[in-house]
Amino acid sequence: MEYLQIYGKMLLIRRFEQRVAELQRAGEVPGFTHLYWGQEAIATGVCHWLTEDDYVVSTHRGHGHCLAKGADAGRMLAEIMGREDGYCRGRGGSMHVADFSCGMLGANGIVGGSLPISTGAALACKLAGDGKITVAFFGDGAVEEGVFHESLNLASLWSLPLLFVCENNQWAISVPVGRRQAGGGAVALAAAHGISACAVDGNDAVAVVEAAGEMVMSARQGKPGLLNCQTIRWGGHHSAQPTRAYRTEEDCTRGEAACPIARLGKRLVADGEATEEQLQAVRAEADRAIDAAQRFAQSSPLPRAETVTDYVYYEGSAE
Amino acid sequence: MEYLQIYGKMLLIRRFEQRVAELQRAGEVPGFTHLYWGQEAIATGVCHWLTEDDYVVSTHRGHGHCLAKGADAGRMLAEIMGREDGYCRGRGGSMHVADFSCGMLGANGIVGGSLPISTGAALACKLAGDGKITVAFFGDGAVEEGVFHESLNLASLWSLPLLFVCENNQWAISVPVGRRQAGGGAVALAAAHGISACAVDGNDAVAVVEAAGEMVMSARQGKPGLLNCQTIRWGGHHSAQPTRAYRTEEDCTRGEAACPIARLGKRLVADGEATEEQLQAVRAEADRAIDAAQRFAQSSPLPRAETVTDYVYYEGSAE
Amino acid sequence: MGQITYAAALNRALAEAMREDPKVVVLGEDIGALGGIFTVTQGLLEEFGPARVFETPLSEACYVGCGTGLALCGWRPVVELMFTDFLMVAMDQVCNQAAKLRYMTGGQAKLPMTLRAPIGARNSAAAQHSQSPQAWFAHTPGLRVVMPATPADALGLLASAIECDDPVLVLEHKSHYGDKGPVPEGRHRVPLGKAEVKRSGKDVTIVGCSRMTLLALEAAEQLAAEGIEAEVVDLRSLNPLDREAIVGSVSRTRRAVVVDEGVLDFGITAEIAALVHGELFDELLAPVVRVGAVHAPIPFSPPLERAAVPQVADIVAAVRRCLGKKPADI
Amino acid sequence: MGQITYAAALNRALAEAMREDPKVVVLGEDIGALGGIFTVTQGLLEEFGPARVFETPLSEACYVGCGTGLALCGWRPVVELMFTDFLMVAMDQVCNQAAKLRYMTGGQAKLPMTLRAPIGARNSAAAQHSQSPQAWFAHTPGLRVVMPATPADALGLLASAIECDDPVLVLEHKSHYGDKGPVPEGRHRVPLGKAEVKRSGKDVTIVGCSRMTLLALEAAEQLAAEGIEAEVVDLRSLNPLDREAIVGSVSRTRRAVVVDEGVLDFGITAEIAALVHGELFDELLAPVVRVGAVHAPIPFSPPLERAAVPQVADIVAAVRRCLGKKPADI
């Protein structure tokens, strides 16, 4: 039953991303979007263990984290379409979507930029002393930025209730991880900082759920951890980027073969935990939810130009 | 004989720093100086293996690196006293002293700031293809800055002929390393980046020379390394800082007991490699050299105010 | 009113805020046992303990970001940078993250973080410990910037900064920490965005902030001896900028000199001069005279350091020029 | 003259420099097989190989510093930042190290490094991929700053930047990469520090750079239809700033509008306005009118993004205001 819910959440993310891609092709989504499809098991498996009071920080590829943490698909889609009813009133867009009401402190356009912020959120959790934790999602590219290292050190030194989740999809735009990193990667670096770390198959929802469960529990006891999830970037770096310019055909299609959703679905049926009909119903439900989200987003107005300097400051206006 | 020279160089650094402290008390050295006394074995032992064509980059505590690399004590002292005949014509001072003619690319006022620069110097060595290397000296505090991590990764990834030398004197101003770093420190971090690393007693000149010899040789073959030298900061963080505010009496005096110069001297005599008289002669020579340096520096004029915007640009003046 | 130092005034603001509001915490390097290299955090660790006073590793980007995270989650962090120069290592966290988060989240984020950092060329600290880059931060929407010149303003502005729900950068001047001045005994607040006329005069307005306010006051003394009555407007805040106070003063004196310790080119004085010329085009009797640091990094050697940043004599000369007096006239 | 795109012109400058001088190397993210996300480094890896084209990890501070080290040791690195916004992560290496090293070493360091970075609000890239922070860099002694508006200037300025022995920041505009324009076939250099009058006119001078030059030219077209002849001065360089060209033009037209895509407050236009007012106090017929970005981060949603940065209509309106025409007059 639990895993059927997880299946449903993953599917919701998948359908959301598919819809974003469609709407983008139709010219309804401005800018670039970095789609999360194929990586759904990670956000879903980790957030499965979180409550509304826990915090997450995210990246440029943040739709999945947002939905998994409990954000509303309609308000998210409205944001991504630049509408006034979006979570950020159209100011943020795909790369800055946030929903503070569910503890989602924001996607981030700067690779690694949210990691220092996560240490502060985690320190807030620690000071509150009520077992809350913070999860920082980031890509393998962020491992190369200095703030990754600084944040690991701080988390380790202060025993922060902070779980680092690396989504190792092997690419940063057009450069594979082997041409960007020497050494042992995120796990080895975390270990060198005294942070317990482990790797998991990020395309296997069950494996992610299990590994994350342990690490979340440790984090709640003030033991920071790092989970390195192997996964695959299905498409181009962003939705409009032709990926085959620098990737082999095989690498481009390997993702679909390893699809975490199909994999979980098969396993549920094989284990007798769900029937094909139940999965079908979940899929239909996801479609309905995304249709509703689209209707909500499309009916929301664009922000008015005169409001361009609203929300810069808490107190008073720009001047 | 070799070690007698090393003894002489260490002594020159010691006497230089003592003179700087004296001159500073006398009001002849502006600003703050971070003295290298007590750490002489490291710069001397490492630079022993370098030629004029190799590069070094340094830190706020850079006098020792400069002298060990072959800079002239007179021009250095002139710089530290803000005189026109200083290496940097009085523009730089203690924290920015540099002597490009001997490959000393500069002290640095930003902790960690010279590490990225060292990767470029090392890449230049690699591109030249003639076996030149770069050595980056830095303190244990720099290990906490993100650029340390970024620089290790780049050195490892590109197989740069770069030797990282951490001078682990256990303090960053008033905070001991254990309150700043969790995990395994510089050696563990280097290893996680795939860089071979080892620790050495930085108060033992012979140990430093031997360990550095191997690592310099590896670096010349394109294998970056990290040498973590345990040492002791004798005085306050800078020459005017009362250190006993935050350090135990024992910690303050432990340095002199471990003095690398006295230790090497004793060993040379015990091993029959030098006589007490020879050491005495070396000491007298160092005193003479420092006296001459002081005369040179004191006879140099202060820069003229009208030249304040000289040397901003290579081509033309400020505008 | 007691006389206390600028550093003690800042310390008092911190201690009072921490006593009043348990959500106020401080972060920074060497702020514990040592009490900060300029003594501003002295006694805080003893009084409030390690769950309120966080001594950080040497990683400015991370601990500024840590402050941001704390602020997003309901705390009121006050983050000390040892020198303003080191903000460059944390620039992304200050200007790209903290300053923008409220806007980027459409008003969801509330970010009551105070950053404190010392500026100024003093005592041969050289190029990487002497900068006055206030123009960068004043050019960053989302970030409030204040620059106290006196102990009383240091207390009042820092107290207001901590209470402000936006990120505020308090640029303190290294030369001032040891300076004593009168400070009100009780509760004292200086509102963000309010300049102060620190001396009245009818012949010319000198606009400045931070240390330049003090030099302007000295210059005004000297000029008074020559019969020139200069008004000194201390900006105190750069964001919000008190445009009314500036324009108000110059509309009376009809002449203005603007002084700043930052590099002159594309610096603070340009904005003030452009404002005054724009608003008082028909009233001004002479072009605004700008005084700022030379086009160079701050040099180490004392005669060069002095030549690099404005001195009292430079302000006096600028006023004379503004009044149409050639050096030969005097 | 062939017509090529701005991106192709930059690419040509790089390829020609690399052919001419074996010391020219390029560094950056995704600049190899992909050819840079804006295609500027396309073909370089194929032609010059991996010992001249260095694809870096995601660590801007480190690879900018790597460029500095290379330059100190005799190479001529050209470093690509994917977006100017990411310079904030490398601010210390750019402004505290590279820009100051020559000065701090008393002239020992020679630092022929070129940094290339795209600015500008375009296509809803939002607050962290759309900034125009040129004012920060123009305020940094030791760092040259150029901002080409056209393919020919892109070629000529980048070529000059690479040949310059000082660090030069080339701020490219994201909107321009695909724009075609005439470019001389042979050797072409645009000297650093020389503005260009891109259109002559007698009634008012519009000063701008980068994309604002193009908008100013469009505005001038529209104004011409109303009988207003605007002169358009394209700064091209901010450091060195061609003060003579600016003052020269305005001394003829006696009216000036200054436009910039950066935030208005404490931005580029302030320096230009202050300069013009200071130099032409008695000649100016009206206050300089400044046009810049609003006081906010750059928003995502298209109508807000458009409202945030100057548009042609804003420049037209500013010129009218400068000519004393109320909106109602027109």
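A few notes on this one:
Letters A, B, C and D mark the chains as written, and numbering starts fresh at 1 in each.
Note that in this section a contact is a pair of C-beta atoms (placed from the backbone, for glycine too) under 8 Å apart; a residue touches a chain by one contact, two chains touch by 3 or more.
Predicted, not measured: the structure shown is a model, and the values here were computed from it.
Set against the C-alpha centre of chain D, every other chain centre is closer than that of B. A straight line joining the Cα centres of chain C and chain D is 30 Å long.
The distance from the centre of chain A to the centre of chain B, with each centre set as the mean of the Cα atoms, comes to 45 Å.
Taking each chain's centre as the average of its CA atoms, chain B and chain C sit 36 Å apart. If each chain is reduced to the centroid of its CA atoms, chain A and chain C end up 40 Å from each other.
Residues of chain C found to touch two or more other chains are 56-57, 59, 61-62, 85-86, 88-89, 92, 96, 103-104, 126-128, 141-142, 241, 294-297, 299.
Looking at chain A, one finds that residues 88, 90-92, 96, 108, 110, 113, 144-147, 150, 153, 157, 179-181, 312, 318-319 touch two or more other chains.
Because contacts link each chain to all the remaining chains, their graph is best described as complete.
Considering their complex, residues 29-30, 32-34, 37, 55-59, 61-62, 85-86, 88-89, 123-129, 294-297, 299-304, 306-308 of chain C touch chain B. Across the complex, chain B is touched by residues 25, 51, 54, 56-57, 59, 61-75, 77, 92-93, 96-97, 101-112, 141-142, 144, 164-166, 193, 240-241, 243 of chain D. Within the complex, the chain C residues that touch chain D are 85-86, 88-89, 91-92, 95-96, 99-100, 103-104, 126-128, 133, 135-136, 138-142, 238-239, 241, 262-263, 265-271, 273-274, 277-279, 281, 284, 286-288, 290, 294-297, 299.
Interface residues of chain A facing chain B in the complex, by the touch rule stated above, are 144-150, 152-153, 156-157, 179-184, 188-189, 191-195. Across the interface of their complex, chain D is touched by residues 55, 57, 86-92, 96, 98-100, 105-106, 108, 110, 113, 115-125, 127, 134, 146-147, 150-151, 153-154, 157-158, 310-316, 318-319 of chain B.
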